[in-house]
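Note sheet for the following structure.
Lettered A, B, C and D in written order, each chain numbered from 1.
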Amino acid sequence: MNPLAYPAVPAILGIPVAAAVLMAVLPGYRLTARINVLASLATFLSALSLFVLNREEAGTYVLVDDLNVVFIVLNTLVGFTTSVFSASYIAHELETGRLTPVYLRFYHAMYQTLMFGMNLALMANNIGVMWVAIELATLTTVLMVGIYRTPEALEAAWKYFILGSVGIALALFGTILVYMAAQPVVGEGPPAMVWTVLLKNAAEFDPALLNLAFVFLLFGYGTKVGLAPLHAWLPDAHAEGPTPISAVLSGLLLNVALYAVLRFKMLLAANPRAIAPGMLMILLGLLSLTFAAFMLYRRNDIKRLFAYSSIEHMGIITFAFGMGGPLANFAGLLHMTMHSLTKSAIFFAVGHITQVKGTQKIGDIRGLTESHPLLGWGLVIGVIAIAGLPPLGIFTSEFLVVTSTFARSPLLAMPLVTGILVAFGALLLRLNGMAFGVPSGSKAPVEASIVPLYFHLALVCIAGLYLPAPLVAWFQHVARLLG
Amino acid sequence: MTPVDIGLGSVVLLLALVPVGIVGGRRAAATPLLYTAAALISLLALANALGALLQAGEPSVIVLPLGLPWLGGHFRLDAVSAFFLAVINLGGVAASIYALGYGRHEQAPHRVLPFYPAFLAAMNLVLMADDAFAFLLCWELMSLASWGLVMAHHHHHDNARAGFIYLMMASFGTLSLLLAFGLMAGAEGDYAFAAIRAAGHSPGVAALALGLALLGTGSKAGLVPVHVWLPLAHPAAPSHVSALMSGVMTKVAVYGFVRIVFDLLGTTTWWGAMVVLALGGVTAVMGVLYALVQNDLKRLLAYSSVENVGIIFIGLGLALAFRTNAMPWAAALALTAAMLHVFNHSLFKSLLFFGAGAVLTATGRRDMEELGGLIHRMPKTSFAFLVGSVAISALPPLNGFVSEWMTFQAVLLSPSLPQWGLKVLIPAVGCLLALAAALAAACFVRAFGIAFLGRPRSQAAAEAAEVDGFSLAAMFGLALLCLLAGILPGLVIDSLAPVATILVHDRMPEQLGIPWLSIVPIAASRSSYNGLLVFLFIIMSSSLAAFVIHRLASKAVRRGPAWDCGTPDADPATQYSAGGFSQPLRRVFGTFVFLARERVHMPQPGDARPAVFHVRLLDPVWSAVYGRLGRAVDLTAGRFNKFQTLTIRGYLSLVFLSLVTLLTGLAIWL
Amino acid sequence: MALIIDLNIQFTEMFLVLLLSPLLTGWVRKVKARLLRRQGPSVWQPYRDLARLLKKEVVLAENASWLFRVAPYLIFAATWVAAALVPTFATGLLFSWCADLIALAALVGSARFFLALAGLDVGTGFGGIGSSREVMIASLAEPATLMIFFSLALIAGSTQLSTIAGFMQTPEVGLRVSLAMALVAMLMVAIAENARIPVDNPATHLELTMVHEAMVLEYSGRHLAMIELAASLKLLMYLSLVGCVFVPWGLSPVGGGLARHLLAAGLYVGKLAVGGVLLALFETSIAKMRVFRVPEFLGAALMLSLLGVLLLFVTRSF
Amino acid sequence: MQHGLNYDVAHMLAGGLVLVSFMMLYQVRLSSLLRVFAAHAVVLALSVAWQAYVQGAPHLFVTAAIALLFKALVIPVALNRIIVRLGIYREIETVFGIGLAMLVGMGLVALSMALMLRVTAEATPLAREDLAFALSVVLLGLMMMVTRRNAVSQVVAFMSLENGLILAAAGAQGMPLVVEISVAFSVLIAFIVIGIFLFRIRERFDTVNVQALDSFRGERS
């Protein structure tokens, strides 16, 4: 059999579904956790094969192109590492009795469903399918956020659900508007929702309708991205759910939502008469950045702290895409990738830290580098990375964003730089307290695998120093597409 | 193998020591092993740098596949880099040798050893970087590595705070530099230094870039008002690292400024030079005034670094002023003076920090109020520290004087400048420089006099013992260099010629050919100085006097109790204290510089309570800028924090309102 | 041959200042005493004092360090070298190029540095009080000195003392506000530097007012002699400096004959005598000020000298 | 002529939906709110059915049927049970006065008209009107969510918002079936999840007042 005939796309979508069904049925958490890891690995490997395989022509529903292929790989990669982390994390939760085996089964099934939803959203060639997939992913995470059934968790899930639903509705309205814009040109029926067709004909669409559609899409999917006035669900959902879910939320789901926004931004970019969506994204980006930066200061829950940091970074990324141009788009793409890897790594560390210390309160966590050097330094490196210090990857992207912005419009660079600095101050302040000083709490060794944590950090570090040329070429290509 | 290859090779070797430090950090054998290796590698890099500087051939270039394909990975070694590399690695060699002894007393070697070689490597890298990305990457790496070292003794709350402020300011500086580079590279910028150099910059861009570069590099060098982290962070690190941070890392910052402003920026305006000059002058005086009122020996030294950075920046500002006005020979003088001071300061500041470290090792104290009388217990350390003190006080015949003298010579050229602003400002800055020099002498009389002379003020000081041979070797090596650089400055000046040629397109006249090894910056009739002869004269006339008197008059000595106007008191508390010593100066300058307030509580006669004397000193920069900034951030954070506790309905209203606003906007705009 | 003559002149000057300095001190004391209607000691008394001190044994405090013993010689040497570099009766000294005005100020600073350290060495309260006040005074006097030198250097286009002295004799100089300011400032600084009234009192041992004397309180014997000699030298140096810069007439130029030199030397002694009288007059007509008035006094000198520098640009643009 | 009639009826029905939305805005009692919501769903069903007829798209009839069955009957009945069981059917729970709410609602309708009519100049008049009304319904629904304090009424408001979406989807000519399915799908899921939540919330709080939930808001520092 020709190895190039490996059905990668069906595998990427099918494996999670199959695994989800299987795990919903099977008892025993050890087994399901392993299946979870295996399924994630298989999905990841299938995704990797996308690089090697000849790509199929874009279908009506599924598409693999330059824009999404790396996102798919990233998605499945982080999905895989998180599943490894999750296995050790969940074992501890079971021991402490926060979760029962039944819920665990549910948790694993939902995990794979979530992976399916995100993969589908990334690969969808139909804006309707994309919408459905993102909603599916959202709903599964809602359920997982509420899985601890504490009042706080329920409240967080409720909040997430309500705000998410409104987002769903707005995004749908935007999708309908896009169809409306496409319909006179492409004609009625399914083709008017097929992404590739839309892009090809975007130049002839009614620009005004497209503009309006974009506003709704930006608000709809922007809610999922966690942009500032729409962000409210994000910190609580991160803080109250299981930590692997926080990692996936921050590392992947936000990216997927932003990916959707980018797709539509490309449509607008392809239409010469449409408004440049840049200013809107810049505005929301800066708002998110500034807002999150100041919110970081009063945080005393470690997971909420990093959730706000995710908002901050989503702000930076949105800002970069809003600036547009090959350099800023490149930086935005790079930042997205690096942020996923870094933030999930941080949540891996945070998960173990909260388990070891038995608290999520920042004030009660001290001297980690002394009591748990590997975790502590992992956290330090993670925070340093997320703060945009070299030699880690985010430095490169922030370098590009800031320099290119300042050269083009100095006035916009000022709030950007201020926001970055303010956020850095808050993170460093908290890090200082947590990682250094006289240790507090348990000094028991960690019974956890720190491999995913350091694997991510190593990737980020390597990317900060050296990016393989094909990857760079790909980023550049996509950056040009994004206009 | 070109010099840059060897330079990068030594960096790789240093980086290879990092894993050794991580793995073997807690083992006793790791400390000597690592420091020996670091010393040897630094020596190699030093030799390489000196070779490159003296040969003064074409710059060697290498492009590594780092960063992004069009960004990063350029490294280059020209004379400017070579000079600074020499300074850095000289400091590295000295610090490593010193640490062979000092490092044995380290309580947390696993927190020092991994960062130390990384710090050295990063500083080397900054100097060789040849594009904005590589430069900033290495720059931040340097900050991070030194931050790790500052945080080595993290149990002290003060150190943690110092680390926080340090890294904040470092990030601030990096962001400023980021903006500067962004500005210089342009919108679709090419970040390679070669491209930036080639691109012409409009005056506005150049002025803005100059300001940003000043902020960015100044915040690392310790320029007022972005100096606040320095006196906190430098003393917090282990002493050999303090020496590196103060003596060497500030020079990397100077390099950054020089590279950006003189090399990359090309043209600058004359009022840009005024800003540099004014900041330099203020920094010099403020720094030394702060130093004068410190009781912590290491913090005093750190503040003194601020002062010296100010002096260097005065030199650079002068060079900038002259260069703008097409007076390259004068610019060469000013720049060479600044570079010479860079070199000199790295020598004596490292030496002094080593001395302070030795005192710390021997007594466990940094507070001068608990020291005293160490000249008896630690004669060798005391001697070395004395040499450093004389040198830093800019007294002939040691090296500190030479560079300040040359700076003064450059100041005296100001009448030839066409701009009135500069004409008036430069003598005023000269006055500040003179004031700083005088105050520095006062400061080091106090430092040496209180810590080493007199009688011990604590048990620990009374029982101090001389430190080990490695530490002494490092100190005496540097002391010797201070003397040599002081009496043979022509050597250093001549080797600085290629640096000046690159930066201001002219050089100082050749000095080595001048009889008696004098230095003549411009013309013999104008000014000249001969450190060697001054040294010889002083040595000869004092020995002659001593000899004649001992021979012809008397040499009898009798030891007796101190006279003290007939009322000697055995209590060491009757000596002048560090606080008391600086009281007159504090009174003179303190009331407006530090907003100093003294409060004396004197009990009534018959009341047995002790009298209480309380001095409150405020850093005006801190309270005026950073305190307010902190409060503003805190206040804003508090305001914003309300958004964390809205109801779901509240959040929905936010969504709703922003959507409606946007739609309204769209309706109006369409 | 020329070298030998130059060398001769240089060494003559060196020893001339060394020999003359106690005389000047004695002269000032004598004049002061006469002005106070006292007989006063002989003008040669300082020589006798020195000789007696030199012969006496040294009584060292128990915890005096080596620095305490070395300092007097260093102080003396630095001051002597500085004094030897000031043209007294002839310009074009052989070694004048090895240190200029700035170096001169710094050499004086070196001497003071060691003196202040010596004051702290024994660890007595008085030593500390002296050192502390001395550095306070110096920290203002030194920049003032440098500013004065700046004015001179800017006017003459050189920091070389010989060149300046030569330039001051030319008619180009003219009458300048800056020079007048520099002169006044110079006098103020000289008074402070030499621990004269009203800044300090060389004759007092009243604990709370002394500065210089407090520092050297622990010294005895030959060490004290060295310090006393250095103090005399310093006074002489400042007077010579004022003489050669502000009243340079009569200085013999390079290559002048023996007669010319002798005439100049005579004139020099005359200048010193006049200077001594003026100093004594000033000292007797003014009261010592409180220590914390001193900064104001010196601050005024500093401002005056800085103003002098700045006014240079107004009166004559270069 | 035929076209004119099509247009008029569609216009009337869509306008009716907006009107019912206003009526919902006017309600202060939960039980009456539910009744009005049922009417809302009925109007929607009619509107969608008319579109199906006009466009000749039989699959839209399915959507209409779903709307009628599900939203006009099942859900109001279920919710009614809940509020009866919880005893909150008389609750007055608006944030600001009815009059003001109506006024703002007017403004929103005006906004969506202004926006949509200008934006969709190239679309068929039918679609234009439909879309404009749909946007009005969506915005009104959103506003209702914001101005109601009670969880049940928020759910109702949300569903009215979805009704607006369906109206828009139906109005878009030839929009593939995918969308209807997804809408139904999402409504289904939404309802189930909300049901679960309400159940759990009731289990813990004995009230569905969102404010009670708010007391557990994250952290308060």
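Simple rule for what comes next: a contact is a pair of C-beta atoms (placed from the backbone, for glycine too) under 8 Å apart; a residue touches a chain by one contact, two chains touch by 3 or more.
What you are looking at is a predicted structure, and each value in this text was computed from that prediction instead of being measured.
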| item | value |
| --- | --- |
| Pair with more cross-chain C-beta pairs in contact, given A-D and B-D | A-D |
| Mean-CA-position distance for subunit D and subunit A (Å) | 31 |
| Between subunit D and subunit B, distance of the C-alpha-averaged centres to the nearest whole Å | 69 |
| Separation of mean Cα positions, subunit C and subunit B [Å, integer] | 35 |
| Between subunit A and subunit C, centroid-to-centroid distance (C-alpha), Å | 77 |
| Multi-chain contact sites of subunit D, meaning residues that touch two or more partners | 115, 118-119, 142, 145, 154, 213-214, 217-219, 221 |
| For subunit A, residues that touch 2 or more chains besides their own | 158, 162, 166, 170, 208, 211-212, 235, 298 |
| Where subunit C touches two or more other chains, by residue | none |
| In contact (per the touch rule at the top): chain pairs | A-B, A-D, B-C, B-D |
| Residue ranges of subunit D in contact with subunit B within the complex | 95, 108, 111-112, 114-115, 118-119, 139, 142-143, 145-146, 148-149, 154, 210-211, 213-214, 217-221 |
| Contact set on subunit B toward subunit A in their complex | 65-69, 71, 132-133, 136-138, 140-141, 143-144, 151, 154-155, 157, 160, 163-164, 167-168, 171-172, 175, 178-179, 181-183, 185-189, 191, 208, 633-634, 636-641, 643-644, 646, 648, 651-652, 654-655, 657-659, 662-663, 666, 670 |
| Sites on subunit B touched by subunit D in the complex | 641, 644-649, 652-653, 655-656, 659-660, 663-664, 666-667, 670 |
| Contact set on subunit D toward subunit A in their complex | 115-116, 118-123, 127, 131, 134-135, 138, 142, 145, 154, 158, 161-162, 164-165, 168-169, 172-176, 178-179, 182-183, 185-186, 189-190, 193-194, 197, 200-201, 204, 213-214, 216-219, 221 |
| List of subunit B residues in touch with subunit C within their complex | 372-373, 375-376, 379, 386, 390, 393-396, 401, 405, 408-409, 411-412, 415-416, 420, 423-424, 427-428, 430-431, 434-435, 437-439, 441-442, 444-446, 448-450, 453-455, 516, 518, 524-530, 533-534, 537-543, 545-546, 549, 553-554, 556-565, 568-569, 572, 574-576, 580-585, 587-588 |
